[in-house]
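Take a look at the structure below.
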Amino acid sequence: MRENTLRGIWARGGAVVNGWLSIPSSFSAEVMAHQGFDSLCIDMQHGVVDYQVAVTMLQAISTTSVIPLARVPWNDPPRLMKILDAGAYGVICPMINNRAQAEAFVRACKYPPSGSRSFGPIRAKYYSGADYHEHANHELLLIPQIETAEALENLDEILDVPGIDAVYVGPSDLAMALGSQPRLGQNDGPVVEAKKRIVDTCNRHGVPAGIHTPSAEVAQKMIADGYRFVTIASDDRFLSAKAAAEVTALRRALDGS
Amino acid sequence: MRENTLRGIWARGGAVVNGWLSIPSSFSAEVMAHQGFDSLCIDMQHGVVDYQVAVTMLQAISTTSVIPLARVPWNDPPRLMKILDAGAYGVICPMINNRAQAEAFVRACKYPPSGSRSFGPIRAKYYSGADYHEHANHELLLIPQIETAEALENLDEILDVPGIDAVYVGPSDLAMALGSQPRLGQNDGPVVEAKKRIVDTCNRHGVPAGIHTPSAEVAQKMIADGYRFVTIASDDRFLSAKAAAEVTALRRALDGS
Amino acid sequence: MRENTLRGIWARGGAVVNGWLSIPSSFSAEVMAHQGFDSLCIDMQHGVVDYQVAVTMLQAISTTSVIPLARVPWNDPPRLMKILDAGAYGVICPMINNRAQAEAFVRACKYPPSGSRSFGPIRAKYYSGADYHEHANHELLLIPQIETAEALENLDEILDVPGIDAVYVGPSDLAMALGSQPRLGQNDGPVVEAKKRIVDTCNRHGVPAGIHTPSAEVAQKMIADGYRFVTIASDDRFLSAKAAAEVTALRRALDGS
Amino acid sequence: MRENTLRGIWARGGAVVNGWLSIPSSFSAEVMAHQGFDSLCIDMQHGVVDYQVAVTMLQAISTTSVIPLARVPWNDPPRLMKILDAGAYGVICPMINNRAQAEAFVRACKYPPSGSRSFGPIRAKYYSGADYHEHANHELLLIPQIETAEALENLDEILDVPGIDAVYVGPSDLAMALGSQPRLGQNDGPVVEAKKRIVDTCNRHGVPAGIHTPSAEVAQKMIADGYRFVTIASDDRFLSAKAAAEVTALRRALDGS
Amino acid sequence: MRENTLRGIWARGGAVVNGWLSIPSSFSAEVMAHQGFDSLCIDMQHGVVDYQVAVTMLQAISTTSVIPLARVPWNDPPRLMKILDAGAYGVICPMINNRAQAEAFVRACKYPPSGSRSFGPIRAKYYSGADYHEHANHELLLIPQIETAEALENLDEILDVPGIDAVYVGPSDLAMALGSQPRLGQNDGPVVEAKKRIVDTCNRHGVPAGIHTPSAEVAQKMIADGYRFVTIASDDRFLSAKAAAEVTALRRALDGS
Amino acid sequence: MRENTLRGIWARGGAVVNGWLSIPSSFSAEVMAHQGFDSLCIDMQHGVVDYQVAVTMLQAISTTSVIPLARVPWNDPPRLMKILDAGAYGVICPMINNRAQAEAFVRACKYPPSGSRSFGPIRAKYYSGADYHEHANHELLLIPQIETAEALENLDEILDVPGIDAVYVGPSDLAMALGSQPRLGQNDGPVVEAKKRIVDTCNRHGVPAGIHTPSAEVAQKMIADGYRFVTIASDDRFLSAKAAAEVTALRRALDGS
């Protein structure tokens, strides 16, 4: 089975640099796969991406050695199983708030006897190799999102669930859950403290903590704070930020001339 | 009929700031339509975009007041007519090298008696208004590309063809045609001179000259040189440039820490 | 944030004229958006429409000022959240039968603290404006369907749930639930009575009642009966009705000649 | 090989009632296939339909006994051959203006020795039967459009070309070619006369004349005038006409109440 | 309503020969529909097929008399209802483990009063006939999958649920559930015994048992053992098996020459 | 630039084993890419494949080291340039009958100064490497089809054109051109002789000859006859052959039991 190189990065004490795909296009996915990320996560929750186009995006990523991940829209066995069958090498699952939800998440993603994943790795076996089903339970990454007050409270029991490989912080949802504004509230006391508490708890459990960030600068800071999986913005934000910057620069130059 | 605002910009002596769409997605097109461009051109020649997805991109652009243009892959009546029927408000046509080709281009895009465009503005009439066919011959922009030695030589006769509204320089093709490297050869003497000669000739004919540029900085320089329609890079280049810049910044910061 | 004009229509005492989209095409959606409806509802339950094409249909509707709505296939947080993120300005949700289901429906569609909608209005923020998340809880319309005997019984408690903006009657399901034939049973006593009871209860709660109708004639009657949101047939029914009428007319004329 | 029933209708002295498909959807195509038409023509010229979706529309039509036709965007061998390979049982080809163009059209559509169609009926052999290539030259309908002054003048020589099975009048293009307005000019003298002259010439050659009409009423009149293949409007026009009629009826009723 | 011919095969004591579709393409589906199967099942669980392309595959199958079935990804009302509305004449539902799940499955697929299926057979009524809703409850096949230890234990109570028309064995999942390897463990004692027990129990209840097999040879053996619905491999397995066999044969011949 | 391994196979005196893709699906393309072929050719002429899905198929092939080729529908600059920009590493071009057509074919595929290919390798540069444009003229394979009597006569002059890397025989078209039946006429004298003559002429020019074959057996024979590029059947033929064989085997076994 093709190795999941993210485990190696963590084993060597490194941090994973992850990219985020919200544009429903195998071409933009392939462009992103050439920019130096360790992994790319297809966002099927908030991204404009559903299963059928996600498959072509997984194929596009597979033209490189970048590890393909997917965020599913919900802790839902059919959605989890189907994107794993398509060759995702890990899944980020939103709104895991307690042990029972974490266990259900793991169960849906592991073949028996560890879980109840149904057998049929239709594309995964091509991406990964003919021995996929023998190693999938050990190679695939299962990453719950910690983004509610309930999840914060239950973080220890979530991290105790066997099969949880990392956690992922959605800062906007976390901020809203804590009464702050999404995105802007990242420096609010309770949010900053929560992010710190998550990484500390993860460290105690020996589980890498991950987080979404708006930029390399914040990503670096998060790594300094102990996070070991950082996402930098997303394809649509790169596109809009760069386009707006260029147009603004030109219009300003023209106005000033 | 909905006004083609690019004509107004030129009438007021301004320069059009154009964006370029190579990613086959109506979502990325809509993102680009909110970044401040005057117009967006769907590249059906070198972009990863064919007719069916181009229609959804035209619709996405039409959610804003940005003017939708298309570059066709060839000076070919069915391709020209079909994208105009879909609501493009102008077409850039590659490889127009002489008067005959310019005339054929115009003929395919104008309704009788000015040309031989076939009647059937299936989506254009919704985008533009019920009186589309009465005004289309005057509103739509016909923009040949000047990108070969032959075209340079014949520029006067091309600009003499009634119905040619502007010209567009493809600097890479022009550079290769003049024996320079694509993209990098923009400062080679013959290429620089050719670009100057084109804009001068256009000025003499009172026809706006357009050009593809890699950045706001070059775009500004081109406008200073007299160009009145400038494209800044493209969606895929914005995406790759910003993604690579962020990843590189983070990796450097991590290496240095 | 772009205004939800349906609220204004109701505030002025008017009735919303809604169209229904079952054909999976952004072109037919755009055609429908030019026919005078106040809103168009993409039917993701019984229509031949899944998420990815629904996004292009939302874009097509957004080329006009018509308000885009969606009927989801189920009271299911990921489906509700994902179509709202795509820019639907309201959702009709089938099979809401009691207070708990109504509360779950509202919770999935409201940002904290009113609910648990996850943050990520990927396309909605372009359609609506950068302040989308500040106003979404107040602007978006949440419309449960009343179509079972259980729902009829629990209508008062459903209408008591904060955040329910209107209700929608599916007459076929309601008829079958009451032991009548779908569609044809609309004049059966119990169905007629149920429809009357719904509108009366809604009026008591000050909540607009909506209903699906087969024609302008029935729609008018429903409005006379107090309904304030009426759907006329659907795109596929308009298509088949008009096509069949024309073919029949021609064949009859030819037979008679 | 499956029989081309249109030939039988003509052999029995009847007129073919044809429908027109401009919406890019296999579902709307299937709806249209159940409304009583003898044949359905997928419009790849002015319709919003390119090859890939046209294949699914051909399949949708093939769920019934309705004969599938296609209008190609141009007299162009690759486009003609490819849609025939996909199972179209006839092609309407725009802008055939003289004998040479008619001969080129026929040549592209006939297998050797009658023409130079390349062998590869990839889907046609499933639709039609394993002996497709033995009968295709005789069964498929080749229908040039007569829509310019030049074509009118050369109609006799066009009809003399072996393999031309019928002709098709595009009234809008014909009207524009004769200096009238598209669509509305149908009662202008020169247009009316041209339409009469076409049907008379066809009758002399024993070739059925076809024409696009806006309604059953005009279709009936055209049949009375000798036309034997009539198209009634199109799917998008049925949709917009019926939707607009219903909305208008409701709004009028509400205004009047 | 179009007859479900599978019921007739069973009534005559025969076995249904079923094909399996995992490739997301209406063309490959149409190819498969011409190879002699009684029915074809679109695999929406492990196949690379989601709803929108499944509709075009149902249309492709409907160009023949082969009966279209679908395997849904989960026992989930919206998924079940939506694929039935699209014209599937039966559904295979994974992971039905007890009476309650079987009852929920049936309830989602039957119109009132037998169940709670919502009314809206948008495409089914074209495929099946205008009286679809009157007969659907009797014609459509509801086939739970038996693939866990729990289901084995509860098989009697599952078969007691009114509306269960057949059962389907997923041998890989069953093998894993019993501690064997997927696919290869088919000759392990417990798996062989379980398959025998299932068919015996089904026979006692007068319900046909179905099973997935890798080849005609195993399928024949299963029929000899009493199974009356057999799937032979799948489209992707036919494709890979034949391609690999041909390439290997050629390479061996070249090596040996 | 990524190496075109087919040149290496020929340099070592070997024969290329090529697969053929007619099914419009990136999944079936990926399946085919794992079966041991040296190259895979996407058939955009007779296959059910147009540009947009072809791009996803090129991506699917690029997940392996198999070399991606495309057959274009026509000797047409925009089609040739666009599929090369998408990353095809060679093109097969139908109906090249003389020197002028061969020269036009080469010209469209080579950057200046060797030809007039327009610059914009949008996806090719990701597949191949950043130095794509420096090496493309030397790496990409240009393969005209020899399939008419005229081409046979002009074979020497076609092979004299600089830039022609191989030729490809379409046996069905060739057979029809010589008055035989497509496919079955392969043993007719004139066809057999023509195939021999082609390979002999190619050998004289030192240019590899290629041919389409129905099976490994015929492919082996062709290689024995001197062909050095052989296609074995196609994806749709593998699928139909294997499916039909299995169904027939089962039905025979059941009939005999």
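As written, the chain order gives the labels A, B, C, D, E and F, with residue 1 at the start of each chain.
Convention: a contact is a pair of C-beta atoms (placed from the backbone, for glycine too) under 8 Å apart; a residue touches a chain by one contact, two chains touch by 3 or more.
Fair warning: this is a prediction, and the values are worked out from it, not measured in the lab.
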item: Chains touching both chain A and chain E; value: C, F
item: Contact-richer chain pair [B-C vs C-E]; value: C-E
item: Per Cα centroids, the chain farthest from chain E; value: B
item: Chain centre separation (chain B, chain E; CA means) in Å; value: 52
item: CA centroid of chain B to CA centroid of chain F, Å; value: 34
item: Set of chain B residues in contact with two or more other chains; value: 22, 24, 27, 31, 34, 48, 50, 52, 55, 76, 123, 236
item: Inter-chain touch pairs (all); value: A-B, A-C, A-E, A-F, B-C, B-D, B-F, C-D, C-E, D-E, D-F, E-F
item: List of chain B residues in touch with chain D within their complex; value: 50-52, 55, 76-78, 81-82, 85-86, 111-113, 116, 118-123, 133
item: Residue ranges of chain B touching chain F (in the complex, touch as defined); value: 22, 24, 43, 45-48, 50, 52-53, 73-74, 76, 79, 94-95, 147-148, 170, 172-173, 176-177, 179, 182-183, 236
item: List of chain A residues in touch with chain F within their complex; value: 26-27, 30-31, 34, 55-56, 59-60, 62-63, 123, 126-127
item: Complex contact set, residues of chain E against chain F; value: 15, 17, 19, 22-25, 27-28, 31-32, 34-37, 48, 215-217, 219-220, 223-224, 230, 232-233, 235-236, 238-251, 253-254, 257
